[in-house]
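Chain lettering (A, B, C, D, E, F, G and H) follows the sequence in which the chains are written, and residue indices restart at 1 in each chain.
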C-alpha cells in the first residue's frame, strides 16, 4: 500500500476514471467487488466516495486493511460494515437472503482469515454457512467425527495450506461440489501457497475444483454460481 | 509407456495387488476411474482383466492410448467402448442417463481432445452435453453469437490454452458455474499449459474455478457433482 | 532504497563516475532516461545535480519516489516537473511536440500508475495520448463501446495484469500495432505479473508485442519508435 | 504430433467443427493463420481440405512439418506452396505486394529457421525483407559493418537465443522499431529460450518489444501492423 | 541412453578410470551402488565386467533397463539377479539377512515401480518388507483397515505422487519413522513429482522425512541406516 | 505478523474454534506443537490462554517471536519457558527425559538458529544432544577432527545452507541415520534455501533424508521417531 | 537482520561456538571472510570481539551494514576500516600489496555497489584495480573508446544486471580471463538478477566464467586465485 | 536434430549465409568453435564444406553426434579428427602446443563425457591435462589421496552433477583458480543440472567460478584465458 501524501492527493483524477460495471448483477447475478490490495488508502476512500455518490446497490470490498477503512469513513462518512479479520466491508448493505447454505472446512487456525473471507462473501451474497476450523488430516479423527454433518451440505469449500491433503480426503468422502482454496501459510517448500495449489489441482479425488491462492472471495462466488442457478 | 517384454511379463504380480475402490459410487456418486497414462500396455490389459473377473459395474478408463486398448481387447476379450480421439474407454457400459446437461466451450481446434475427454466422461456419467469449438476471443464474434445459447446451460466447461482469455470473457457474460480447463497447447511462454492455468486462476471474472491442465475428466466430474447434488 | 547517512555521503564519488549517453538522441531519437528504482535519494540528487551542471537537454526520470524528488530539489534547486502518481520527472522540460497520438487502454484501476508512466513518457517525447481505464473484459461492454474510437489510433498500448485477457481481445479487434504491458497487480497465481506477461506473449491475437512487467516507459518508447520513423 | 491411425480416422468430426475466422482480414488486415504444431497429419490434411472447399482467400500455415504437408497434398491435391526450412505453407497464394520492407537480423546460424519463419510470413503478407545471419556480438565487427544498412530499414526484427545480447546492442544503435524474437537455441542456462526472452524484456535499450520464443510469425505480423497502418 | 556404436567402443577407456568405493561398506554399512540411468548399455556392461574381475562383494545396480542388462550378460556372463519391474540387479548375491522389517505403503498402482525399487533394495540389504499398494486417501477405508498392521512396523516407507496426501495421513496415524518418497506420476500440476515432493516436505504431520523424487533406493538405504544402527 | 489492534480484538472468536489434537501423543508419541509464524501476537496469546485453561500436558511453541511471547505472558501469566534464539517456548514443562542422544552438525554460524530449534525441540521431547557449529567443508579439517565423535551418535542432524555440501560429506562418513535440514541462508543462487534443499535431496551419499527448509523442529521430531521406536 | 534485544543478549553463546578457519590463508592464499548478511548487529559485534581477542591476522567483513558496524565499534573498540558504499570492513589491516592489477567494468550506476565490493576485496587482498562504470552496451561508444585500455588488463571483472549483454561484448573483444558478476538490479523480467546470471552463463563469448548474483567478493577472490598463482 | 530430407536439401542457402568470425583468434587468442547441437546433419556437413573451401585454420566442432560426423565426411572428404565420447572434432588440426597444463576432476563416471569435452578442447588449444574421475565426496578418501597432486596444477576444472559438493571441497583445499562445471546427471531434485549449477554458484569456498551446465568446452576456454595471458 502506497501512502506518500503527494501520491494520495494526485489520485483523485485516477479515481474519477473509474468505470464501475453496474450491469454485472444483471448479467451474472453478483455485483462487481472492489479489490483493495493494490490501492492506497486514498484510492480506496475516493472509490467509496464515488460509489456512494453514484447510488449503486450493495458493494463488497475485499482485502481492505484497517487504514483503508479509516480513510474511507473519514472522507465520506459512508456506512461501511467492516470486519477486520476477513478484511471485508459491505457498502449499502448486502444482497437479499437466499435459502442456500455452504459448509466451510479449514485445515488449521492459520487458514482462518481466508475461510472468513469466504464466509463474509457468502453473507454478502445472502447465503448462510457453517465454519469448521482446525480439522487437518494430521489428526484425522477431527474430520471423521464431522463427516456426516458435511455430507448434508450442498457445497463444500475446503481451505488448506502446505500439503493441502484435506482437500483430497474430503473429496473422497463426499459427493457434493468441493471448491478447494489453497492458502499461503507455511514456509520453505510451502512456497507461499503454490504447493497447496498444485496439490489440490493434482488431487487424487476426482472433480475437486480450485481457486487462486487465498481466494476465499472467489470460492464464495463459485458457490453462489452453483447454488443460485441450481 | 514402458513396453519392454520382460517388464510386461513381470507386472502381473503388481496388478494382483490392485485394490479397486468399489465403494466410491456409494460415497460420492461416481465410480473410481482408471488413469492409464503411467501404465504399460500390459498393465492396462491386466487391470481390465481383473476388473472383468471381479464383476464390477461400469468403469471409465482415461488416457488410454491405442496400444493399451489393443492389449486389453487381445487379452480378455473385454467389451470396451473405446474412443481414440478422447482416449477414453467404457467397460461394462455407462451409468444411467440423467436429466442433466452441460455446455462445453473450447477456444481452438487444438483444444479438441481435452474437450472431448470432458464430453465422453459426461456421457459415461449419464449427462448430456453440447460442444462449441473454435470460439477463441481473437475472433470475438464467434463467441458473441452463441452467448444466448450458453446462458441456457446449467454448467459451462471452458477449455482453453495459451492466454486462456476465453475463460474470463465467458465468466463475465454468464452467471452459471464456469469450470475452466487449461490446456497444454502452444509453445514457449505457453509453458505447457501453466500460463493458461495461472491466467484462469487469476481471472478477472469472479467465481471461475479451475482444474488441472488438460483435465477434461476432472471438469466433467466437477460438473456431475454440481448437477447430481442440485 | 538505501537511506543510511554514511552511505549517502560516500556516494558522491560514485555519481562522479556517471557517463551519461549524451549521443543517444542523435542515434535513436530519444535521450537516455534515468531509472531511479535501485538508487538512494542521495544518488538521485547527485545525478540531478551533475546533469544540471553539464547542461544537457531534457532528461526523463522514471520510478522516482517522493523522497528522491525531495532530495533532488533540496540539493540543486533543479526545476523538476514531478508527477507523484506516475513517479516521473522532467528535467529541463520535454521534447518538442509532434503530430502523433497513442491510445492507452488499461484493464483496471490497479493498472493506473503503469498507464500513467506510459502517458507521461509520451508527453515527454512530445506525443499526445488518450487514456481508457477500467475496461477489463469481465465487463465486456465497457470495451465494446469504445472499439470504434480505438480503431482510429495509430498505436495502442494495452496495460493489464492477472489474466491479461484484454490484450488478446483488443488485438483481435484492431489492426494497428498493439504494445502489451503486463502489470504486477493481483496475488497468488498472478505471480507478480509473470502470468500476465506469459499470457500476453502467448496471445491468440497475432502480432501483439510485449514489454517488461510494469514497463509503461518502455511501451511509450516503443510507440515513439513506431510513430517517429513512420 | 499424434499419428495413430485410429486417431486420424476419427478426427474428421472434429475438423468439421472448425470455425475459421473469415472476417479477420477485414478487422485487422491479416487473415487467421493455421498453427500446425499440436495437430496430427490427418487433422492438418482435413483442415486444408475444408478450407479449399470453402473457397477462402490466401491462408498461411505455420509449423507445418513434412508429414503434415504430405498428408495434405495427398488428400486434397491442394496447391500448397511449402517451404521445409521455415515450415510454412501458403494456400491459395499470398496477399498483394506492398511497398514495405523489413530488416531481419539473426545472431547465429542456429537461429535461421526462426528468422526464415519471419521472412516467409512477411512474404505472405506482401512485405519484402533482407536477412542478416550470423552477426552475433561475440564478433562485434560483423554487426558494426552493417549498421548503416540497418539504419535505413523502417522496422528491424532481431532474432537471438542464449544471452540475446544482440537485441540490446541493435536497440542502442538504431531508432526504428525493434521487434526482438528470442529463440530456444542453446542448452542449460539458456533454458529453452527463457533466458533470451527475459534478457530481451529487460534490455537496457529503451523501447525494444518482444514476442514469444521462436515466434518469427508473430514478429512478422507485428511488423505488418506497423508498416500497414503507418 | 546413448547407443551409437562408435560411442560404445570408445567408452572402455572411461570405464577403466572407475574408482569403486570399496571401503564404503566398512564406513557406512552399505556398499556403493551403481546408478545406470545416465550410462549407455556399453558403459554398464563394462562396469559389470570390471567389477566381476575385481572380485568385490555383492553390488546393487539401480535403474538398469533391459538393454543394459542384456549388454552386461552378453559381455561378461555375469550372474546378475535382474528384476525388470524395479529395474534392479544384484551382482554376486546380496548382503546377509538381518532381523529387520519395513512396511512399504504406495498410494496407487502407478507408484508400484518405485515401491518395488525400495523393496528390492531392502532385500539386497538383507531386510524384509511388506508392500501395501493402492491405499490412496481418495478411498480412505483402504488405509484405515490396515492401520493396526502398519503400527507394528519399525519403519514405514510411504510412496505417493500428485498430491501425496498419503504421507500426511500416515504420519498422523503412526509414531514410527516415516520416510516419504514422492513419485513422478501424474501430469500438469503434478509437475513430474515436484508437487508431491513439496507437499511431503510441507506435511502437516510432524517428523516426516523425504527423499528425492522416485528414489525408492534412497528410502531403503535410509531405512537400513535406522534399523541397522538401532 | 499482523498487529492492527482491530484485528487482534476480533481474533478471539477464531481462537475459540481451536481444536487441539489432544490425542496426538497417544497416537504418535509426541504432542501437537503450535506453529506461531502466521499468527498475530494476539492470536498466540489467546491460544496460550485457551491451552492453559484446558489443562493439557506440555506444549511446544515454535517460531514464537519476542512480541508474541510478551503478549502471551501479559495476558495469561502463563509459565512459558521461552528461548529467543531458537524462538521456541515450552508451556507446562517438557516431556520426560529419555535415554537417547542426537548429534547436530551445522555448517556455519548463520545456521545456528535452525540448529538451536532442533536442539530445543529435542530437549522438549526429553532427548539430549550435542551441537557442532561452523564445520563447513570449505575448512574440511574442522569436520575431519570430529568424525570419530560423530560416529558414536545414534542419529545425526546436519544443518546447512547454500551448497549444503556438508550433508553429502557427513553421509559418506557415517552409517547412522542422517537427517539433513537445508537453511535459507545466503543470497542469489542460494534461492532462499532451495538450492540447499535440492542438493541434499540429490546427495551423492545414499540414504540421507531431508526436511523442509529451516525446519529444525521437523528434524528433531524425525530423530524422536527413530530413537523412541528403536 | 534481527534486532530484538532478547535475541542479541542470547547470541553470545552461539558466537562462542565460532570455529574460525585460521588455516585457510595457508591452504588457499586468502583468509576466511565473515559474511554479515544473515547475522544480527549483536552477532557481528561478538564475532569482531572474539576475533580481536584471538589475535588473528587481517580479516575481511562483507555485507556489513551501518548498524552492524556501529555495534561492533561500540562493543570492542576494534579498529575497523569500514566503507559504507561497498559494505565492507577490514579488521587488523589488509594483506601485503602485490604487483597485480584487475580491470572492473560495470554496465550502469546501479551496479556500482557490487563493483565496489569487488574493488575493496581486491584492495584487502593487496591487488590494485581500475573501475569503469556506466559503459553499458545501449551506448556502445562508451565501451569501444576504452577497449584498448581494457586489453592491457591481466583479468577483467564485468558487473552487469538485467540483460547483462556487456559480458558477452567484452568477452568477444578481449582474450584475458573475464569474470562476470550478475547483479540484482532491474525489475520484472530481470528476476532479481537471475536473467543476468543465466545470460552470462549462456554467453555467446567463449570462456566467460560467472559468480553468484551480486557477488563482487567472489569475483575478486577468483581474480586473486588467477593472479597469485600465475 | 532435424533429419527430414526436404529440410536438409533446402538448408544450403542458409549455410551460405554463414559469417565465420575469422578474426577471433587475433582478438581473443582462440578461434570460433562450431556448436552442432541445434543443427541438422546436413547443416553441419555444409558448414564443414564451406570452412574447408575457405581455407581457415584449425576449427573445433563441439556436440557433434555420429550422424553429423558421418554426413560431414561423406560430403566433403574433410579430414576430421572425431572423438565420439566427447562429441568433438578437429578440422585442419589443432593449435600449437603450449607449455601449460590443467587438472580435471570429475565426481562420477556419469560426468565423464563433460570432462572429456573439456580435455579435448584443451588438447585443441594446445594445452595438456590430467583427468581424475570418480572422486566424489561420498568416498572422501578418493579425493584426499590426490590433494597433493592437485595442488601442483596451475588451474583446476571440477566437473560434478547432483549436489556438486566436490567443487566446494576442492575449492577449500587448493588456492589455484577453480572452474566448476555443473552436469545434468541425476534425476528429480537434480533438475537437469540446475541444482549443481546453483550449489556451485553458492559454494562456501570463496572464488570458485562457474560455467553453464555440461559446458566442458567453456571451462577449457576459461582455463586457456588464464594460462595464455599469465
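Operating definition for what follows: a contact is a pair of C-beta atoms (placed from the backbone, for glycine too) under 8 Å apart; a residue touches a chain by one contact, two chains touch by 3 or more.
Since this is a predicted model, take the numbers as computed values, not measurements.
Listed options E-H, F-H or B-C contain a single repeat of the A-C interface, assigned here to E-H, on the basis that more than half of the contact pairs agree by residue number.
Ranked by how far their CA centres sit from the centre of chain E, the chains are topped by C. Using CA-based centroids throughout, the chain positioned farthest away from chain B is G. Centroids of chain C and chain F (each the mean of its C-alpha atoms) stand 47 Å apart. Averaging C-alpha coordinates per chain places the centre of chain E 29 Å away from that of chain F. With touch defined as above, residues shared between interfaces to two or more other chains in chain D number as follows: 24, 32, 138-139, 171-173, 186, 188-190, 197, 201-202, 205-206, 212-213. Touching pairs of chains, sorted by label, consist of A-B, A-C, A-E, A-F, B-C, B-D, B-E, C-D, C-G, D-G, D-H, E-F, E-H, F-G, F-H, G-H. By the touch rule above, chain E contacts chain B in their complex via residues 65-66, 83-85, 109-110, 112, 116, 131, 133-135, 138-139, 141-142, 185-190.
Only residues 24, 27-30, 32-33, 154, 171-179, 197, 201-202, 205-213, 217-218, 220-226, 228-230 of chain B touch chain A when the two sit together in their complex.
Across the interface of their complex, chain D is touched by residues 4, 6-7, 9-11, 13-15, 17-21, 23-24, 32, 35, 37-39, 43, 47, 182, 184, 193, 197, 212-215 of chain H. Of all the residues in chain B, the ones that touch chain C in their complex are 107-108, 136-140, 162-165, 167-169, 171-173, 186, 188-191, 194-206.
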